[in-house]
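Below, each structure is written out as structure tokens.
Heads up, the next two complexes both have chain A, just with different partners, chain B and then chain C.
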Partner chain A sequence: MTTLTRQDLNFGQVVADILCEFLEVAIHLILYVREVYPSGIFQKRKKYNVPVQMSCHPELNQYIQDTLHCVKPLIEKNDAEKVVVVIMDKEHHPVERFVFEISQPPLLSISSETLLSHVEQLLRAFILKISVCDAVLNNNPPGCSFTVLVHTRDAATRNMEKVQVIKDFPWIVADEQEVHMKEPRLIPLKSMTSDIVKMQLYVEERAQKT
Partner chain B sequence: MDDVVLHYQPGSAVRLSCLLEQTEKLLEPFTCRPPPVFSPWFPTVAAEHRLPIRPAKPAPQITSAGVTLTTTTATENKLQTGNPIISAETQPEQTEEPLCITETPNHLLPVRSAPAVSHREHPGTEGDGSPVRRSWSVFTQKGVLLQKSLSKHFHRLVSVHRLHLRQRAKWVITQQNCRDVEKVWRSLSRSVRSSGFPPCNANIRREQAEIWVFCDVLYSEQVGRLLKDELQLSGRIHLSVHKLGTIFSM
Partner chain C sequence: EKTELPESSASDKKVVLLPCRNPPSRERVQLWLEARKQYESLQRGR
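What follows is the complex of A and B.
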């Protein structure tokens, strides 16, 4: 086992690849489980050796891919503190927030076993928790939509250039009303600690959804 | 403190005492004034609370639900007889509303005057302006009369293969359908720019001398007819779907 810094072996890129792949699976699953989109557009697939639901709608898939493609440089540089999947009602007020809190250690002990097997097991546990989280959440009102918020460690404006990776996919600072939720209820779902990344997932749910 | 020497013109004792008084005052230590506490001109709360960032473009909205064509009845029939039977209940054009995609209006982005063409450009892959693999997408249905009905034959095919109406299918135009693939590609691009086609995207495969036109299964018949009419294609064009290959010809 070797101790490496973030600069070695482009470690940040490895972590960003792993996390963005996981976030893509997680976002598809959240949209399915929370019924943001009709179930007809989802197909059952296998990831991390567990069944997951993935959208087969090209426009939605492209949107998610574009979003994560832009988020990746922030994760790579360890600038992303939280990635939040926000489900909003018709008035664009958040009703649920799936918060992925990410932190990466400056030093790491790395091995192929650590990277592949252990991390995959931990991420699988997240996916399983998301797939059953509807049991602890109240139903959402009809006509919900979603967005992805990225909380950066530094001021958002400093990270704007990093995130503008795709020309016709601009990013903006979120409105106050998209971030704040009235009387949120906190539901911790899962946390993980590995040598390459620490992550915790919790849901903030609005008390009165309708 | 070092000694201070006062030089003065002799003559008046009053003037001397006045000078001494002034000198003493000047030599007094400066009064220390504590600096005022710095208060930023912006609210402290806002400085601590950083707002996150989000994509300016809203997520696509799928307003009404559609389901796959294969219903329980059809599945049961298939299982029982080994031969798929299409019941009248499974006809999507009569009983089920197809998925309708609308995009939430975005007030933060400038209105696109010509939304038909959207070139996706990623750093590292763009910029050379190479026409080798040009692609486009259409997200507007403006100006296009979308036919939601499928022919009986095509409807049967969709049921047999258990296709989703929103699954993407691919029309392939080859050199057998036209003399000049480049010429067809140019006229196809023009038609797409003028929103002459339902939501679809395409690219030209110059190495194979083929044009691939992708569209939803729901509109594939309509797209096929439009392709043949507008591009004056000869022979048969083939429709294929992922994993299954060619399922339909026109």
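What follows is the complex of A and C.
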């Protein structure tokens, strides 16, 4: 058993790599399950040893990758409190918010031979929960779109500045209407606690979607 | 009104950010899908 701190070599990077890879799969799957895009653009792949649906639309894939490239430095520094996939109606009002609440321990106890497979098992459970979440959610109105919000601290935004310029992918402060939803119904989907990250996923669903 | 990303400061205030750009619209993606299907159908016909 080895104890590392956040300052040790690559600890934050490893966690950020794992989480961003997971978030990429999760975002594709949410867009498929909640029918934000036509099902024809999705192809079945295997991730975390389970089948998932991933988009093959180049522009959409690039958009998701650019988004997560910008979020990654925040996760690396433990500055991303929440990553939220928001599904919005035609009027750009949120109808569903998939909230990934993330926290990382300041100290890390590693049993390296079991660590990755254990985390993979935990993340697989999230993927499986997302893939069946339509059973507990109401249908969305036609013509929905999506965006990704990141909850962070003002001082941490400097960690994003460089990558925003490199990727030519600027970020702005969200409007109140993009962040909050009136009297949402809360649906907890999954939570996990591992040596490297704690995460919980819940959905906030607008009571009246149409 | 959306505001520019705040300048770096020592402030520890919580902020919520989102990409300035929008993802491709459903209509745009649908057009791409139809074009791809047509292309694949032409390829099969050759």
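The definition used in the following text is that the second predicted complex is superposed on the first by the 196 of 210 C-alpha atoms of A that agree within 3 Å, B and C clash if a C-alpha of one lies under 4 Å from a C-alpha of the other, contacts with A are read in each partner's own complex, and residues count from 1 in each chain.
Keep this in mind: contacts are C-beta pairs under 8 Å (C-beta built on N, C-alpha and C of every residue); 3 or more make two chains touch, one makes a residue touch a chain.
Everything quoted here is computed from the prediction, not taken from an experiment.
**Student:** In the superposition on chain A, see if there is space for chain B and chain C together, and answer fit or clash.
**Tutor:** With chain A aligned, chain B runs into chain C, so clash.
**Student:** Looking at A:161 after the superposition, I want to know if it touches chain B, chain C, both of them or none. Which is it: first, second, both, neither?
**Tutor:** second
**Student:** For A:60, is the partner it touches chain B (first), chain C (second), both, or none of the two (neither)?
**Tutor:** In the superposed model, A:60 contacts both chain B and chain C.
**Student:** Quick one: is A:136 in contact with chain B, with chain C, with both, or with neither? Answer first, second, both or neither.
**Tutor:** In the superposition, A:136 touches no partner, neither chain B nor chain C.
**Student:** Is A:169 in contact with chain B, with chain C, with both, or with neither (first, second, both, neither)?
**Tutor:** In the superposition, A:169 contacts both chain B and chain C.
**Student:** Now that the structures are stacked on chain A, which of 41-49, 131-139 or 149-157 shows chain B clashing with chain C?
**Tutor:** For chain B, the clashing option is 149-157.
**Student:** Under the contact definition given at the top, report the residues of chain A touching chain B in one complex and chain C in the other.
**Tutor:** The answer is residues 37-38, 40-41, 57, 59-60, 63, 66-67, 70, 145-152, 155, 160, 169-175, 178-179 of chain A.
**Student:** Please name which positions on chain A make contact with chain C in the complex.
**Tutor:** Answer in residue numbers: 36-38, 40-41, 57, 59-60, 63-64, 66-67, 70, 81, 143-155, 157-158, 160-161, 164, 169-175, 178-179.
**Student:** For the complex, which residues does chain C have touching chain A?
**Tutor:** So the residues of chain C touching chain A come out as 1-6, 8-26, 28-30, 32-33, 37.
**Student:** Which part of chain B faces chain A closely enough to touch in the complex?
**Tutor:** 50-62, 64-68, 99, 101, 104, 108-109, 118-123, 126, 139, 164, 166-168
**Student:** Name, in rising order, each residue of chain A that touches chain B in their complex.
**Tutor:** That would be residues 37-41, 56-60, 63, 66-67, 69-70, 82, 84, 145-152, 155-156, 159-160, 163, 165-176, 178-179 of chain A.
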